[in-house]
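Okay, structure first, notes after.
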């Protein structure tokens, strides 16, 4: 009696467990999976870190969305090539008026959206006006503020009138604000994107992967590989493990430089060391003590050995520039000599400012580059008598809230990825850096309204002023490292746009 | 003295000595980087080698013991200070107090340390403090249950019945008669919880929700070593061994204490 | 007995309700307006305001709570502000992944722990028993993720026998599912088996001193045979208890292993949602985890009440 009750109890629990397992294995948990034969030349699996939260960049911030969708699902009238110059895309050409205030675009013919609708001048008008409307909730929409009106001249011709001449506007049209939409395709952009690009969204398993398929009715060159899977990983180590065991074919924008050595020496793989638009910015809150004192900021600039930071934290990869402009921008110049590494000068400046034995808090976002950089900066500042307390801020949420929105910080470090963002960062005293833009405001406005040569010269002056004022320290330009199987070609080594362009990639 | 108690005391003692030593003496500055000597194997200058930033690993292991002990002591402290009085109260008062306290413990039990820590990190940001608070709170129900069970046993004993008959105040009874009788069980629980806290801190640091850099914590050191598993495994082995030593020490200590205080409770129960 | 079961049920309901309040309460302390977070780095006040209206986060808290709670009862977690999709089907999908992973790991752990623990108890005076005990001490002391990374380095990267990470649903390609789940299940089960083994050992040790086992041995059965025939069943209660407790703890504890092996389970979903400040999803996942734990407790309590005559008699 005693015993039989107990055996029944064991039986019941066992049966429960077993039936649970059986029911579960029968169903399709986890939906579409990771498996995929990589020998198949019509397939490509790309490893990325940081999954998009949804696919609608018109309402949602975050670099992962344009990375997956621009150039692949969406296209603009113009695009930039690997060297950073503007090229035709959906527009075959354009003309500017004498006063540089209007642009007339001639459109590519026979272009269809992935939902079958035709692309013409009315879609351009719709897309640009939509950016200016309440439908767009992405702060980048302000790039379209300069547009006054859009006229449909003919189905193949569209004229955009600006309120004032602007050199920066045409460049903005290569970014996500210039993406072309169709009125019939904007109902559920978060889940069902509709664009003119070479790929269409096949499926999306959240927490795992996005599958794209090449379009048969694409107007241009067919993509080199028809079925592309973008697989998202939590960290860089998982991506290299997946590449080593053959689950993925390409790691794009790899975030663990220390892991490169094993791939560099292996002939089965290729390593592409490109540049990007991302600057690693060591920001100092210009409005709050002690960094409201220019001398203290300058002391930091002298105290931080940028070369050692890059070599130690990022294994020597990345470009040293000295200012917040990547070498691929037209107004780039080498500003490394403005503040060379000089700890003695740093100490002298701190003494002059009465800030010896300074205690500061360094708010570091939880990203591999940031923690790596922070440890080196910590040690270097200690050498000149600045005692740093590192406080980690979960990225993006806590960092955005505390540093970016509430400006509640003294020092921070972040990778600024937006293209041509000098003015975003420094021409706005209410930005989290808090740089007083009185000296650069007028010059920046004049430069934008003038011709190309004056624009470049003016912007160079603006950047130099910002650097001389020690508004913040640009540690280095973030490298764009890709690791791929040896047989892949057409991978854009440089990340000069926000997109990862998949169509040119092919197996050789 | 049984073997478990001996081995446990020795390992725990080692961790404590190492932590105390680190306050008095370390061969190098634990956070100062020195890229010229990065990733070196053990040598006369660096007894256990150096890490990817050229920091002395021996120094970092020494200093890391502090964080391990700090996390353990504070989180166990939180659990003891909240859990024990609640458990004793529930055991002495019975009725509604017991019901409410134990239901509260049930709710808390549904939030394991890791879950609480993830939520706390989301609210206050990742730090040693929020990790300790999470591990501590998650361990409260364990102490409350042990204290209540012990109190229930003691409450029927003759000397407590006598004390109640002499109408001593409950607080006095709790302090004079109940608590001393629970001490053995509570110490065992402390030891086991301590081991769990060390493991939880390691897991949290691995997820980036624990101690921020550059302070060396063993869990953090493990996480930082990930890129070097293939090329320089020493960076991973050292903190791994250190964690295992600490956890094993506290577990063995708990087992040994249990055998000593209450051989009937059975050997090797966690 | 029925009364006791009803009591258990009532407790479950009260605890569950209290838990919903706790979770909602904690989530609302989160720093940062969800609308401001969603708007991101280039936000303007107008955009934030518009988003708050769209999300409904500008409404009074009791209204928001009721909205969420009533949906919860219908099994509808609502539409995430951040991902702009229904949360329920996603959570359901991830729950299955987590349950498969944890169930398999627990089964493997039991398959290792029961024989080894029994052996350790039967031979507790011999060297082999001590060795098994020492191994279990070591197993408990090693963090699970460390074991996981070790397995990846050795089995996948060095030897190339199994994939390093990833997940394939069993219904899609069963062979690949097995190949990918072996390592994470082993990593999880390694630590669990060490924990369960200690309980098995002490439970069996206790049973060995019981009268009926002595009687059985007196009848001429060898110690092992006597134990197998009569003792194991009696040692099962504490083992089942620890199994259920560990099972509940593992569902969230597996997050670290999910991270190492890139498995899209509940833990990964929770971490991602926390990172994105996806409040509703965080709330939903936490609630599901809490509900699973409470449900397991309820089932165990009820089973004990039904099956254990001693418990039935107690208070």
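So that you can tell them apart, the chains are marked A, B and C in the order they are listed, and the count of residues begins at 1 in each.
We adopt the following convention: contacts are C-beta pairs under 8 Å (C-beta built on N, C-alpha and C of every residue); 3 or more make two chains touch, one makes a residue touch a chain.
None of the values given here were measured: they were computed from a predicted structure.
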Note: chains that touch chain A and chain C both are B
Comparing B-C with A-B, the one with more C-beta contacts is B-C
The distance between the C-alpha centres of chain A and chain C, rounded to whole Å, is 37
Whole-Å distance, C-alpha centre of chain B to that of chain C, is 21
Chain A and chain B have mean C-alpha positions lying a whole-number Å distance apart equal to 41
Residues of chain A that touch at least two other chains are 235, 394, 397-398, 402
Residue ranges of chain B touching at least 2 other chains are 121-122, 226, 230
Two or more other chains are touched by the chain C residues 31, 157, 259, 271, 274, 277
Listed in rising order, the residues of chain C that touch chain B in the complex are 11, 14-15, 18-19, 22, 26, 29-31, 124, 133, 137-138, 140-146, 149, 153, 157, 195, 198-199, 201-203, 205-206, 248-249, 252-253, 255-256, 259, 270-271, 274, 277, 282, 286, 289-290, 293-294, 297
Listed in rising order, chain A residues that touch chain C in their complex are 2-3, 5-10, 12-13, 16-17, 20-21, 24-35, 51, 53-54, 56, 59-62, 134, 137-140, 142, 190-191, 205-208, 231, 233-235, 238, 241-242, 244-247, 394-398, 400-402, 404-405, 424
Within the complex, chain A is touched by chain C residues 31-32, 36-44, 47, 50-51, 82-85, 90, 93-94, 96-97, 99-100, 103-104, 106-107, 152, 156-157, 160, 162-173, 176-177, 180, 230, 233-234, 236-237, 240, 259-260, 262, 264, 268-269, 271-272, 274-278, 299, 303, 307-309
Listed in rising order, the residues of chain B that touch chain A in the complex are 31-33, 35, 38, 52-53, 121-122, 125-127, 208, 212-214, 226-228, 230-231
Per the touch rule, the chain A residues reaching chain B in their complex are 235-237, 256, 258-259, 261-262, 308, 311-312, 364, 366, 371, 374-376, 378-379, 382, 390-394, 397-398, 402
